[in-house]
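Both complexes below contain subunit A, partnered by subunit B and then by subunit C.
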Partner chain A sequence: MPFAETPLRDEYAAAVERVAGRTLDALRGGGGTAALADPDTVVPRPLLAAVRVLGADLFAPQLLTGAEPDGPTAALLAEARRAFPAPVPASPEAAQAIAWQDWAAGRVLARTPYADTAPGSVPDSASDHVPDRVPGHGPGHAPGSASDRGPGHAPDHVPAPLPGPAELGWQAWSVRMAQLSVLALPGLDGPVHDAARTDHLALARGAVRAMLRRDFTTAVRLARWLAWAGAEDRPPHLEVEPILDRIRLVGIGAVRTRLELAIAERLSEGNPR
Partner chain B sequence: MLTQFRTETASASRTATSTEADTLASLMVEDEAVVSDAPTYLPEAAGGLLLLGLLLLSPKGPKEKPTR
Partner chain C sequence: MTTDTEVLATAQQLGTRALSWLHTCYQGGWGRLADNTIIDLAEPNDVYKPLCEAAMASSLVLRDGVAGPQDARAARDMLDGAWAQLREGDMLYERQLRHVTVTDPLETYAHFARVGYRHAALEELLESISRLRAVHAVEIQGSRQLAVANARRVIGLSHRPDWAELAARTWLGALPEPWTIAWSIAYQVTHTVFHLTDWGARPEDLPEPMRDYLRAWLPVWLDIWMEIGQWDLVGELLIVDACIGRPMLGSSGWEALAAVQRADGLVPRDAEPVEEDPESAIRAHEHTAVVAVVAATVLLSRALGGAGAAAG
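Now for the complex of A and B:
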C-alpha cells in the first residue's frame, strides 16, 4: 500500500518497468511466456496500462524464437486495449506513432484468438494498400481459425504512411522511426518496414547522431531497426554490434531500454523470419 | 470473449480518463533526450583513475641537496 499518493505517470512508468522486466526475463529464458498475471486474478490498472504501452514487444520472446504469441499475454493485451483506447496526443505526429504501434499490436493479436479487440479510436487516415508479407500467412495459406487469419484480416485500420527522410530530414525522420521501434520484430511487415529498408542510410545516420548526443534510448531503438534490416541481409551502412556493445558497457538504467537492447541483440544474431 | 481477467476498478470498459490518456501517450511516444553535458559513466575512465592513483602513491623524486 503506498504511503503517499504517487503521480499517475510515475505509477504507470514503474509498471512499465516491471512488465518489461518480466518480458526481458522471458526473452533471456529462451522464449517462454512472461506470466504477467494469473488467470482469474484481479489485474491492477497500472499493469493494464503497462501492457498497453509495451504492446507488441510483449511477444518478442516468442516472435524472436519463431513461436506463436502466447494466449494469456494476448488476452491481457486485448483487455488492456479495451480498457485504454488509443490516446489522442497533442501532436499529429505522436498520434501517428501511436496508431502504428497499435497496428503492430493488432497484427500480432490477429495471430491469436483475441484478434477482434482493436482500440476504439485508432486514427484511420489512410491507405488500404498495405501488403501482407508475414511468413506463413502468404496467399497460399488457407484461412481458417482465428490463429490462421493473416494480418490482413486484422480489424485494425492501417495508419497513414510516414513521410520519408526527404520530406522530414533524416534527423527528424530517424527520431520518429525510433518511436516506432516496436515494429522491428519478426513477423511484422508493412510500409514502415519498407521505409526502413529503403532509407537504411538515414537510420544509420540517426543512430550515430543519437550516440553522439548520448541519447542511448533513441540510439538503441535505431540500432534495433538496423539489426532488423541486417537480419534481412541489407547491406550494412553501420556496424550494429559496436553500438550495442557501447550501450551495454555504459549501462542503461531503464529496464524497458534493456529490453530493446536485448531484442536488438537477438535480431543482430539472426532470427527466424 | 475475454473473461479470465478482472480489472481492479469495476469493469474493463471503464473509459480512461484524460489524465490516463495523456500519461499513456507520453509513455508510448517518447521524444529524443535533450542534449546535456552532464557527466556520464565512462568505463574507460577507470584506467585513468588507476593511473592517477598510482602517480599519487608513487615515491617522490630525489631532491638535490642545496649547495652552499
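Now for the complex of A and C:
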C-alpha cells in the first residue's frame, strides 16, 4: 500500500497499473471479468480514477472473445465517469483525444444497463474546442452513420473527426492515432476507424518510425491499430506479428502497455470483431 | 505529381554549391596521389577513394547534361585532374593486371569510361578477367556485386549477369521488415538502387516489388535520419528517391540539406561540429558533397525527362 506521503499522482498511477494488471490477467484467463472492486465496500478514489483512465480497455477481455461487457465493471466505469469530470485538456488535440477515448467508453457502456444517463458529464461537451455534437463526416461517411453502427441505442455525441495524414503529416497523425488506440477494439466503429482503414499505410509508417525511435509505447499502440485493421482483411503493408514479438522480447515496463500488447496480439490472431 | 519547382531550385543550388566546394578543394591541392603511389595502395581510402568518388559525381554531371556551363566546366576539370592523377588510366591498368580479383580499378574506370576517358589495354584486360569463374565467385556483398555488374555494363564489357538474381541477393531484395534497418544497412540499400538503376538512368530496371517497398518506407527512413542529423545518409536517400521514378519524398530533406550547407558549399556529413582545418574538413565531408552533387544531378535530370536515359 502507498505511504501517506505518496504524492497523489503516484498513487493514481499505481492504481492504473493495478487495474491494467487485473484486466490483463482476465484477458489471459480467457475473457473472464477482472473483479476490480469488492461490491460491498466503498470504492477507493484511486481505483475509480484508474477505471476512468482505462475506459473501454476494461472490457477488452470480453470484447475480444465475443462476450458482452460485464455488469460489475460497467457499473464501476459508470460510477467513475460520474465521480471524475474530464481532465482539463492541455490543448485542443488533447481535448479531442479525451473526447474520443470517452466516446469509446460510452459506446461500450451503451451495451450494458449502465449506459450514461447524464451525457452532459461526458467530456466531449466539456471543452470549448470540441463541438457538442458533430455527425461523422469522414470521406465516404454518411452523416450520423457512426451512431448507427454500434449495438447501442442511446444517442451518441460523436466528437469531431481528426484531421487526416494529408493535413497533419503521417508522423503527427500516427502519434494522434496512437493516443486513440483504446478505440481499436471489436465492436467499436466510427470515423476514427474509417481513418485507420483508409490510411493504413500512414499507420504502418508511424509504427515503423516508432520502432526505429525505440518508442515502444507508441509502436505497440499503432501495431494494435494495424492488427485491428488486419482483422478486417486490409492489405498488409507491414507484418504485425514480428513487431509484437519484438516489443514483447525487448520488454516494456508499464503493465498498461503490456495490456495493449496483449490486446494487439489477440487482434492479430483474428478474434471475432 | 511532378517535382515542385521550388524543390528543383533548392536541389540545384545545393548541388552547384557542393560541386563548387569540391572543385575549390581540388584546385587547392587536395586529392593529389603521392608521387610514389604504386599499384599496391597502402591507404586506398586516403586519397584514391575520394578521388574516384569526385570523378563519379563529375561523370554524372556530364552524363546527365543538366548542369550550367560553369558546373560542367568544374566537373570536366575535376575529371581531367583525376584522370591525370591516375596516369590516364595506366595506374588502374597496372593495379588490375597485378590483382586479378580486386574490383576497384574496374569500378573506378567505369566513371571515366562513361564520359569518354578510355584505356584500350585496360578494357581488354577487364574483358579477359570477366571470363574467369574465379572473378564471379569472389565472396562479396550483394550490393557490391551490383556495383561490379553495373561497372561492366557502363564500360560495355560483354559479360551479361543475371540482374534479377543479383537484385534478389541483396538486403533490399528480401523486402525485409523495415523497422530492422540500421545505418550501415541503409547504405547497402541505397547502393543497391544506385547500381540497379545506373544512378537513375534506368529507373525501370528496379524490380517493381522493390520500388513499392521503397515508396512505402523511404519516408520513414528519411524522417528518422533527418531527426538525428545524418545528412550524408539523408542525401543518399534523396538520390534513391530520384533514381526510382517519380520522386515522392517532397521538400523536407532538400530543405534540411540546404539549411545545413555552409556558405562555401560544404555540406556537413552529420550533426557534429565541422572541423575548421581545411584538410580535415575535406576528408570528413568530401563524401557528403559528392552525395549532394549526385542527388541534385539525378533529381534535375529525371525532372527534365531523364537526360541520363537519353545518353545511355
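Throughout what follows, the second predicted complex is superposed on the first by the 230 of 273 C-alpha atoms of A that agree within 3 Å, B and C clash if a C-alpha of one lies under 4 Å from a C-alpha of the other, contacts with A are read in each partner's own complex, and residues count from 1 in each chain.
Heads up, the rule we're going with is that a contact is a pair of C-beta atoms (placed from the backbone, for glycine too) under 8 Å apart; a residue touches a chain by one contact, two chains touch by 3 or more.
On a predicted model such as this, the values are computed, not experimentally measured, just so you know.
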Between subunit B (first) and subunit C (second), which does A:W170 come into contact with in this model arrangement: first, second, both, or neither?
second
Once the shared chain is lined up, is A:D194 touching subunit B (first), subunit C (second), both, or neither of them?
neither
Where does A:D25 make contact in the superposed view: on subunit B (first), on subunit C (second), on both, or on neither?
neither
On the A-aligned overlay, A:P242 touches which partner chain: subunit B = first, subunit C = second, or both, or neither?
second
Chosen between subunit B and subunit C, the partner touching more subunit A residues is B
Partner chain in contact with A:E68 - subunit B first, subunit C second, else both or neither
neither
Which partner does A:R213 contact after superposing on A: first (subunit B), second (subunit C), both, neither?
both
What is the shared patch of subunit A, the residues that subunit B and subunit C both contact?
213
In the complex of these two chains, what residues of subunit A are touching subunit B?
8-9, 12-13, 16, 37, 39-45, 48-49, 52-53, 55, 72, 75-76, 78-79, 82-85, 87-90, 94, 97-98, 101, 113-114, 116-117, 175, 178-179, 210, 213-215, 217-218, 249-251
Residue ranges of subunit A touching subunit C (in the complex, touch as defined)
170-171, 201, 204-205, 207-209, 211-213, 237-239, 242-243, 246
Contact set on subunit B toward subunit A in their complex
1-2, 4-9, 12-16, 19-33, 35-36, 40-43
Which stretch or stretches of subunit C touch subunit A in the complex?
177-179, 181, 216-217, 219-221, 223-224, 227
